[in-house]
Every structure is written in structure tokens, then in C-alpha cells.
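Pasting the structures in now, so scroll down.
Each of the two complexes below includes subunit A, the first together with subunit B, the second together with subunit C.
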Partner chain A sequence: MIAVKLIPHLLAALCLLLVLLRCFASRRKSVLLTSVCGLSAGAFTVLLLRSMPVVSPYLLLKSLLGVGFLALWGVSVAVNYRKNAVALDKNEGGIVSSVAALAGTLLAAFAAGGIAIAKLSDTALATFPPVLLLLVVVIVAVIVGGGATFLEKQLSPRVTITPVGMVVAVVALLLFSASSILRLDLFSPLSMKVMKGVHDLVHQSMESVLIPDHVFVRPVVWKYIGFLFGKEVGFWGGMVIWFTPPVLIALAVSSRKLPSVGHIRQGAQRRKLLAGALREQRLQLLLPLFSLCVLAGAAYQSSFPTVEYWDPKPIPVVANEGGMIILPKKGDILLEDGKIHKYLFKQKEREARFFVLLTPDGQLTVDLDACAICKPDGYGQAEGSVICYYCKTLIPLDTVGKPGGCNPVPIPFTVKDDAVVIDALTLINTWGATVQATTRVKEGGK
Partner chain B sequence: MSPYIIETGGLTRSYGDICALKPLDLQVPEGEWLSVMGHSGSGKSTLMNLVGGLDRPTGGTLQVGGENLLALTEDGLARFRRNFVGIIFQQHHLVPYLTAIENVMMAQYFHSMPDEAEARHALERVGLGHRLKNRPGELSGGEQQRVCIARAIINSPKLLLGDEPTGNLDHKSTIMVMELLKELRGEERFTVIMVTHNQDVAAWGDRTIHLDDGMLVREERMNCQ
Partner chain C sequence: MKRVIGLLSAASTSPAVTPIVIGLFFILYIVVAFFTDETLIALMELTRKSIILTTLLALIPLGCLCRMVQDIRRYLTLRRCRGGDVAAVATELFDETVELSPQSGFSALEGHLQALGYRTGQQSGVLSAWRGVSLLPAQLLFTAALGCFFTGVILTTTLRSSDRRMIIEGESMPTPGGGGGIVERISLSPSTGAILAKELTMEVGGASAGQRKELFGLYPPSLHGGAFVYPRYIGISLHVRFFSPEIQSGYENHYTLNTFPPGKEDSAVIPGTPYRVIFSIPQVESGTDRYIAYMTGKFPLQFKLLKGSEAIFTGSADVGSNFTKEGYRLELLDARRLVVTDFIRDYGVFFIWAAGILLIAGGCVWVPIRLFFPRQEMVLLVEAGQFRASSRAEGRSRAHAELFHETLDFAEGAATGGSER
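Now for the complex of A and B:
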């Protein structure tokens, strides 16, 4: 089971090492050693940080990925300004390039190892004694390194990888690997940011010019503005930001000037040179295109996560004559088992969905199955957090019960006779106010 | 570097019991025009195929253009043929459904990439500027052989091998082809090895070797022709 979960990550790591080994072919040995060390170090670090929560390992990895993605953007823009940067001689033996190669390798391998370990749940890890775990990590790292070395040997020596091709492939593979882990995925937060940014922008410009709905703006225009307020704008905007770097790099490669051959008198020699340059160019397009596919896979994984959420069907409840909803802590359902328990309260036409949860620090909390800013699609629970289905934001369990942002809206309650007591009117009014507010924002001016 | 473009030592090729080429020591200086004569079955084609990298020897050493052909892999041998050798056969071996210029461009394609202007120029040089779009079936024997010459030299080989290229031609066409080859050699400075039955054709060369039953039996140097 653990092995199956890890296969995509190990394959991604294998490809990553393969690319690194071929790119720095003149330093194969040290790159191999560095990457095996990096893989193990990344895994160890994440294991360590998970066992003693000083710094979140997810934050660390996510920052690394973010920096990598920004670097990719930088590189992709830079190669379009300096076209020959694509052909950057990778075999220059200077100390700077040597250090850069090993540092890059170390970081990439570190991230790959960390991501792979982050994929495993605490419960899965707890089944291993720590020493065995460390041993297994090192062995797996060595196997991945060996596999990459073997594959690199099979690869035709005519296939060369430029530093730019290496960067785009490595970052894409890391993002792919990370996209299957909710807390490491970058694509969803990216599209969320785009969506919020566009909303704010449209909002502000609308308000600043004070356009009254009906005088200047025709219904057609509202349709477009409606689109800007929809979820699609975030998705498509995110896609653009996501895919632009490999596209830019591919453009830089394909628009690179071919060597001038006009002065070569002999036709055969001229053709040979030109054919070689064309072949090289086609070869260098391979990795950006490969990365494009990998990034598409990442966006797909991010949009359709395969994580299983704990998401119980809401249980209908009623209020007593006093207008109170009473949920015994130890009835058919054990309220204090650390999982969310969803309920549905109906009163005439009105209804409200809420859940009860015992947070990891021992606080019991009652919250709406909705937040103050998103459409009320509700929450699911994954390890260590609940996720808002609408905006895919992860809310750490410890912060559930605190108001604000995309956190579930808390509902006041009391505990009496080992039961949770909720005022039905407050509940239904809070739901009404929250849902009304979020749907009004979401529908925009439509 | 050896002054010889071809150097063989005890080179042999046998087919089972048949020894097509008995141990042969041959040196060909760069730029020479060597004629090879001999009866049918004396091993002339066998020698050409070995030197051109189309076949592998069963013994001895074989250096062509500084390359040890015995040490080359199949890929290496193919690369050697592409870059180093041009071959003209008695049968023209042109692709029948391609035009003259397309036949030449195909050789360019396998070498590196096609270049139509260059192919046209090559055909013009062999006097076929007016027959570019004709298929081999629409050309005379002499014209076909000239297409072959254009094809053989399009990739600027260092070594041009001819295996009885004039064997099927009448006297007039033969003279035209030989004059063309001589002219091209003057410009491109390639080495020529030409197999022939014809004493007159052999006389165009600098030197003639005679093979008999796979052995070098006689060698003569032409002073003038």
C-alpha cells in the first residue's frame, strides 16, 4: 500500500535524477552522490519536522517549490532576452558552475525526497520503528540513484541536456510530485490567488468609476463581468501562469538563430552543420514539451485530487420545544473522536448544515459547514486539516473554531449533561446571513 | 598521418570455402586514380565493397581515411559511408519512381538534409540541367550514369569508387562519363578507384592493378594517357 502510493513520486525522482545526471554529465559521480544524499536528507528532514512541530515541513517544502517555480519563470524570461543562454555551455569546468550544479542537485533531490515522505500519513509511518525507517529511506534513495544511472547509460550519447532544459524539467517534475499532496500543491492556491486578485481588481475599478448597473453597461457586458467573478477565471488565469514558462522556453529554443553557413563553400559541409543545428534544436524542444505534459498532469491532479476525505452524510436533527438542538456526546455517535460529524437542521423552508469536531488540542467546537467567503460547498476532513471544497483551502484542525477567512463559521454552544446544546434560532440565522452574503458576492452583479 | 588514403595488410575475404580475396597488401596515396582490372570473378567487386565499407573482411587490416574499418560498429560504418565514400555501380541503382533531382536530394537527405538548389547545380554540372524532372526510365544509359555521378559526389566524398560504371555504355557515352569524372576530380580532388574490363578506360588512371583469382598479379603505372 505504502509502496503503491510512493511509485509516482519515486518515478518522478528517477526522471529528475536522470535529467540531472545527463545535464551535468561531466560530473556524473559527484552529482549522483549529491542527489542520493539530497533525497535522504529531504526525507529525514521532513520526518524530523513532522515529529517535532517547530517548523511545518509542508511550509518548508512549499517554499522550496515556490522558489523553484519563480526561478523557472526567471529563467524562461531570461532565455528570451538572451537567446544563446539556451546553449549555455554546461561543461565549463569553473568552480562557480561546479558549485551551482551540486547546489541545484542537492536542492532538487532534497525537495523530491521530502515530497515523497510527505505523501505518507502519520499512521503509515508509525508502523515502522524509526531506525528501520531511516534505513529504508537510504536504501530507496540508493536504488533510485542507481536506476537513474542505469537509464542514463542507456540514453544515446547524442542526447544532451542544457541547463535551461534541466531547470524546466526538474521544477515540473517536483510540482507534479507535489500536486498529489493537498498541503504541497501549488496549482490550487495559485488559481485561488488569481481569482481573488481579479475579483478585487474588478471590484475596485467598478467602485472607482461608480458605474451604475443599467445606464452604460449592457447585459452582454455583465456576462463578461460575471465570468470575471466566476471560478473559471482563477482556473484559466492559473493555467496561464502555470504553463507560460515551458512555452516561453520552447519559443526561445525554436526562435534561436541557426548558425550562419553562407560562407561555407562546400555544400555537404554546409548541410551537415545546418542539419546538426536543427537536430540540436529539436532535441532541446523535447524537455520543455515534456515539462508541459508533466505540468498538465500536475494541474489535473490538483483539480481532481485522489485524496480520500472523511465526509460523513449530514444527519438530520430537530430542536426541542425550547428551541435547542441537543447532541449527546456519547450517543450513537461518539462526538469526541476527532472527526467531523455533520448535521442538517431543517425548520420550515429554512435549513442549516453544521458539524461538531474535537480539535487535536482538546477543544470541542461547533461550526457551520460553510465559511464567510465561499459558496457553501462544505468541508471534508483530510489528515490534520479540513478542506473547503469550494476554494480548496486547507484549514489546520487546530484553527477550526476560530472565525475568519475560509475557516468554518463558529456557532456558540454549551455543554450540559454530557451533551452539546445549540440554539436553533442562532444557528439558522447565522447560516442564513452567511450563505446570503457569500452567494451575493459570488453572483456579482448578475 | 599516413600519406595513404587506403592501406591494407593481408586483407582477405572468403565465402565459406571460396576465397574471393587472397591476402592483399595495397596502398593508395591520397588523390590517386587507381584502375582495377581482372577477369570476371577475380575479386574486384569484393575489394571495392570492403574498401567502401559495404562489406567486412574476414582477415587482415584495413585503414581507409585514417579509420580502422574493422573496429567500426555498424553505425560507425554507416557514418563512414555517408561522409567519406561515393559509389557508382554498373547498374545505376537509381530509385525508379523519383526524378533525377529527387534521387540526388535523397542522397543529401541521408547525409544531412536536402538542398534543392545545390542538387540542381550538381546536375547542371554533369550536363543534365534540362533533365531534372525526368525519371531514370526516361533517361539514356549515359544520362543515368551521370545522375549517379552527381549523386555520388553531392556529399563531397574523399573517395569515389566506380564498379564498372561504363560497363553498359557505348563508346561515346563512356568517353563523356570519363571526361566528366576527370573534370570533377580536378575540382574536388577526390581519390578514384575504378573497376573496369576496358583497357582504354583503365588508361585514364595513374596506376592499374590486375587481380586474378583474388590475388594481385600485376601492377602498371601510366605515365601519360
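Now for the complex of A and C:
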């Protein structure tokens, strides 16, 4: 089972090493050694940090991925402005020195190793004695390195990889590998940030040019404006940001100036030279196009995760004569078992959905099954976090109960006689205000 | 010194300035996002307070201006090339420049180029051929639009000031400087426009004798005393008197209530007591216009009296009447329409509007030219016994390059007395 879970990550690592080996073909041995060391070091570091509560290995890896993605953006813009500069194509000396090549290889392999081991749950890892685990990690890294070397030797010598092509492929493969792990995925948080960013930008733009509020605007026009505030814009905006770097690189390659043939007076020779240059250009397009496919796979994995969430059906509850909802801590449901317990409170035509949860620091919290930003699609519980179903943002369990962002909206409550007591009016009013506000956001309200 | 000026000139006209500045702001946005959910507002505030960030942003309009100057100079140089100015023919102006063996004359070449569909001109050792229309006007419009937009953004971010006031029927226009005329009427009527559903008109009498009546609408917003009058929300100003068993003498006050559109609730708190009255304009029946009641100025009000969280009674009454129940009495003495209005001093708005117009104009020029008549040029000259040919294209460059190479073959063939392909 563990091996099956690791297959996509090991394949991604294999492709990554293959790209690195071909890109730095003249330094094959040192690149191979660095890659194997990097893979093992990444895995060891994540294993070590998982046992220490102070530093989160996920934060480290996610930061590394974020920086990598930003660097890819930088490279793609730079390569468009310098598309005719020969230096960017060269992978020998000059632009990419030996030190930079090895440092880049180490970093990429480190991230790949770390991501692969992060896929395994604590329970799965606990089945191995530590020494055996470390041995297995090293053996797997050596096998991946050996496999990449073997495949690289089978590749046609005509296939050359430029540093720019290498960067785009490496970052795409790392993002693909990370996208199947909720806590490392970048695409969903990116979509969420885009949704919020677009909302703020449109709102501020409308304020800047003094456009009247929705009360005065035709509903059909507002419907179109309201589209800009929806989840779909977040998704498609995220897709644009996600795919733009490889597209820019592909554009830079395809719009690169062809060699000057004006001095050649034989038409056939001119055409031959140009055809050769075009063929080389098309070969250079392969990696950006491959990266596009890999990134599409990452976006798909992120949008349709295979993780199963704990999402119990809300239990209907009523308030007593004093308007209080009383939930016993023990009984059919154990409120302090660390799982989300959802409830539904109805009062005439109004209703509110909420949950009770014991956070990892041992505190009970009562929250709406909705946040102050998104449509109230509710939350599901995964390992160490809850996820907002609307925007797919992960909320670490230890921050549930704290207001702000996409966190569930907390509800005041008291604990009396081994029961959680909630004021029904406060609950229904908070739900009403939250849902009204988020619906206004959906409708493009300001 | 010359080198420094050259470097500065290259930096200011570089097309990389805009993406670099936007990229830096994007990175800053990401950093700010770690600390607050209101990222854009925080970033705008940061830019407003920081001279460094404002200067950084100002590099974009400055760069646009420099690029416009550079584009015009480049265009004029190209014109001089075509006019026979040999000294103006510089390699960097063209996509490709080729040197060939000396030619005896251009007459055969000129005929060849005309046959290919180029217009030609020959002056003092320079043969120029061209077809299509230059994209310079579109390019200038786009660059100006970009410059205007960022100038507007800078002005709006750094200098915008906003002052929110209530404009109430029958009262003085609450302008920030004071001395506004009486608001004679606020009317809301259906609009025939494609964008706006309603037309809001605020009629304000002259502040002093001889001053004309002023009308303020929705869009484009009118200027009053140098500030834009930006209507935000509408509601009612309600004059209420309230009696309860504990308040026998009654409590009287004016409330401004944000109760529009009908159905929206707003509350009036009776200070020093646990009482709170929640008001709303009743929803009209489905299928009818929910704005009608407010437009006529004659609307009933729904209310709910709360004592703490306990509801005492609910009811509805017309403005001017009263409601009595179980020792409580609510008198709705008067209700007037009001508009919550921002008085905004912001000259960046003009630049942003101008940017929009320039962008649309640029697009209208660029699309047909780029698609159907892109500029393609060749300049052939004889200088010091050397034959030099240059070519550039603003669109369909590969087809043009092919014709350019054929022309060079033709010229070489003519010079050597044969034709070799």
C-alpha cells in the first residue's frame, strides 16, 4: 500500500533526475551523486522535523515550492525579454556555473525527497523501525538515481535540454508531486488568494472610478460583475497564473529570431538553414509543453483530491425554553474525541449549521459550519486540519476557533455540568449575518 | 558622463520597467498577504505612506513617457532613412541588415519591388520600399493609456480624500466646505440606460440669491466645490417619538436609517434604556417593482420593538401616524429620503477614465492595421562603394523576410549578370 502511494512521487523524482542529468550532461557523475544525496537528505529532514513539534516540515516544503514557483515566473518573464540572447540557451560555463548547477540539483532533489516522504502518514511510518526506514530511503534514492541514469543514456543525443527548459520541468514536476498532499498543495490556496485578490481589485477599481453601488445597477449587469467575485474566477485566475510561465517560455522559444540568412544567395541553402533552426526550436518546445501537461495534472489532483474527509451528517438540535442549546459532552456522541461533530439548529424558517470540535491543545470550540468569506459549503476534517469545501483552503486544527480569513466563524459558548451550552439567538443571528455577507460577496456586493 | 546618460536613457526606455515594477509590487502583495486578509487595502495604505513605493510606481508613467519619445524619434529616423539620409540608416532600426557586392543602379531593383507590391522611393543613393501602415499611432495610444492609468493609480492612492455625508431632503447640502443650498428634492426613477437600472437625482437650490439650482446624479458623478459627489446608499431620515410604561414623558429623536431596498432592516436605539426599534420598508408583492414605494415618497414602515432580546410587539404604520399597544406608543412623525454620499477629492479619476478611452482607441487602430496592413519596409543604399540592404516588418515578418531575400538574390543576379537560385 505504501509503495502504491509512493509510485507517482517516485516517478516524478525519476523524471526530475532525468531532466537534470540531460541538462548538465557534462557533469553527469556529480549531478547523480548530488541528486541521490538530495533525495535522501530531503526525506531524512522531513522525517526528523515531523518528530519535532517546533518546526513544520510542511511549511518548509511549501515555502520551497512557493519560492520555486516565483522563480519560475521570474525566469519566464526574463526569457521573454531576452529571447534572442544566446546566453540563456547555454548550459556550459558562464550562465550556469558548476556550483549553481549542483546547488540547484541538490535543492530540487531535496524537495522531491521531502515531498515523497510527506505523503506517508505517521501511522504508516510507525510500522518501520527508524534504522530500517533510513536504509530504505537511501536504497530507494539510489534506485531512482540509477533508473534516471539508465533512461538518460537511452535518450537520443538530439534531445538537448536548456537551463530554462530544465527549470520549468523541475518546478512543474515538484508541484505535481506536491499537489496530491493537501498540506503541500499550492494550486487551491492560489485559487483562493486569486478569488480574494480579484474581489478586492474589482471593488477598489469600482470605487476608484466612482461606479454606483449595485442598488442602482441593472441586475443583469450586476450579474456579470458578480461573476468576477465567484469561485470560478478564483479557479480560472489560478489556472492562468499556474500555466503562464510554461506558456511564456514556449512563446519565447517559438518567437525567437531565426538566424540571419540574408547573406546567403542560394535559396535552397537558406531554406535548409531555416528549417534546421525551426526543427531545433520545436525540440525546445517539448519541455514547456510537457510541463504544461504536468501542471494540468497537478491542477486536476488539487481540484479533485482523493483524500477522504470526516464529514458527519449534521444532527438536528433544539433550544430549551430559555433559548439555550445544550449538548452533553458524553453520551451517544463524545464531543471530546477530536472529531468534528456537526449540528443543525432550526427556528421557524431560519436555520444554522455549526460544529463542535476538541482542538489539539485540548480546548473545545464551537464554530459555524461556514466562514466569513466563502459560500457556506461547510468543512470536512482531514489529518491535522479541516478543509473549506468551497475554496479548498486547509485550516490547521490548532487554529480552529480563532476568527479571520477562511477559518470557521467561532460562536460563544459555555461549559456547564459536563455539557456545552450555546445561546440559540446568538447562533442564528451570527449565521444570518455571516451567510448574508458571503451571499452579498457572491452577488458582487460591496 | 555620456555613458551614464546612455545607461539612464536605456533604463528609462526599457520595456522591462513595467513588468519589473509590477512584479515587485506582486511580491510585496504576497508578503503582505501573510499578515492580513485585507491585502490590497493594506498594500495601498503602505504605498500611500511610503515615498519609496510611490517613486517605484511612478517609474511606470515616467518610463511610458520616455518610451513614447523614443518611439517617435525612431519613427522619424526611419522616415529620414526613406528620405535618403544615409547617416540615419542604423542597423538597430531593422530586423535584418545584409551587405552585398556593389550595385550599378537601383532601376531594375525598383521595378522588381514594385512588382512585389511595394511602394518605392529613390533619393541620393537610397532606395526605399514600403507597404502597409505604421503601428506607431496604436503603440503611442497604448503606451499613453498605460502611463495615464498608473498616473491615475498614483494620484488616487496618494492624494484621494473622502468625506461621507448624509444628503437629506429639506435640509442644507452638507458640503465639506459648508454653505450648501437646500436639498429640494431627491428622486429615484427608472432609467432607460443599458447599465443603470435607476436614475437618482438630487436637486439642490442655490446657496445664495442668484445662484442656480444644481442637479446631482449617479454617473458620471458631478463635481461640487472641486469634489466628486458620489452617492453610495439611500435610506430614510425618520423623526420618531416613543413612549413606554417606563418613559411616560416620551423620547423624541431623528434617526438616519439604512433601510433601502425594502426589506432591509436597521435599528433605532433608545439611549439609556433596553429598548431598540427595528425598522424596515415592507417588501412589495412579487412581480412589482420593489423600488416603487420609496420612489413615491409615500411608504409605510414595518417595525419591531425589542426590550433586550425580548420582542415586545411588531407592527406597521404609515409615516405621519402612530401605533399604540400594551402601554407602548410609537409615533412616526416624519420621514424623508436621504442619500449617503461621499464627497471625493481625487483627480486620478480623470487619468483612469482617459486611460480607458486611450486603450479602446488604441485597440481600434491596432487590430485592423496589424491584421490587414502591417508595415513592411526595405531600405537599400550604396555607401562608399558598399551595397547595404536592411529590412523590418511590424507583422507577417516571415513572408516579408522571404521577399527581402528574393530581392537580394535578384540584386546579386543583376549585378553579376545572371540569376542563381
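What we mean here is this: the second predicted complex is superposed on the first by the 398 of 446 C-alpha atoms of A that agree within 3 Å, B and C clash if a C-alpha of one lies under 4 Å from a C-alpha of the other, contacts with A are read in each partner's own complex, and residues count from 1 in each chain.
Quick note on the criterion: a contact is a pair of C-beta atoms (placed from the backbone, for glycine too) under 8 Å apart; a residue touches a chain by one contact, two chains touch by 3 or more.
If you're wondering where the values come from, they're calculated on a predicted model, not measured in any experiment.
Chemist: First (subunit B), second (subunit C), both or neither: which does A:200 touch?
Modeler: It touches subunit C, and subunit B stays clear.
Chemist: If we overlay the two complexes on their shared chain A, which of subunit B and subunit C does A:275 touch? Say first, second, both or neither.
Modeler: It touches subunit B, and subunit C stays clear.
Chemist: For A:74, select first, second, both or neither according to whether it touches subunit B, subunit C, the two together, or no partner.
Modeler: second
Chemist: More residues of subunit A are touched by which chain, subunit B or subunit C?
Modeler: C
Chemist: After superposition on the shared chain, which partner residues are touched by A:266: those of subunit B (first), subunit C (second), both, or neither?
Modeler: In the superposed model, A:266 contacts both subunit B and subunit C.
Chemist: Quick one: classify A:239 as touching subunit B (first), subunit C (second), both or neither.
Modeler: A:239 contacts neither subunit B nor subunit C.
Chemist: In the superposed arrangement, which partner chain does A:138 touch: subunit B (first), subunit C (second), both, or neither?
Modeler: Touch partners of A:138: none, neither subunit B nor subunit C.
Chemist: Now for A:326: first (subunit B), second (subunit C), both, or neither, which partner does it touch?
Modeler: neither
Chemist: Let me check the overlay on chain A: which residues of subunit A are in contact with subunit B and also with subunit C?
Modeler: Comparing the two interfaces on subunit A, one with subunit B and one with subunit C, the shared residues are 266-268, 270.
Chemist: Touching residues of subunit A toward subunit B in the complex: what are they?
Modeler: Residues 266-272, 274-276, 278.
Chemist: Under the touch definition given earlier, write down the residues of subunit A that touch subunit C in their complex.
Modeler: That would be residues 70, 73-74, 77, 81, 193, 196-197, 200-201, 204, 208-213, 215-219, 221, 257-258, 260-263, 265-268, 270, 323, 373, 404-405, 425 of subunit A.
Chemist: Which of the residues in subunit C come into contact with subunit A in the complex?
Modeler: Subunit C reaches subunit A through residues 15-16, 19, 23, 27, 29-30, 33, 37-41, 44, 95-99, 152-153, 156, 194-198, 200, 218-221, 228, 230-234, 260-261, 309, 344, 346, 348-349, 352-353, 389, 391, 398, 404-406, 408-409, 412, 420-421.
Chemist: Given the complex with subunit A, which residues does subunit B contribute to the contact?
Modeler: 108, 111-113, 115, 118, 122, 154-156
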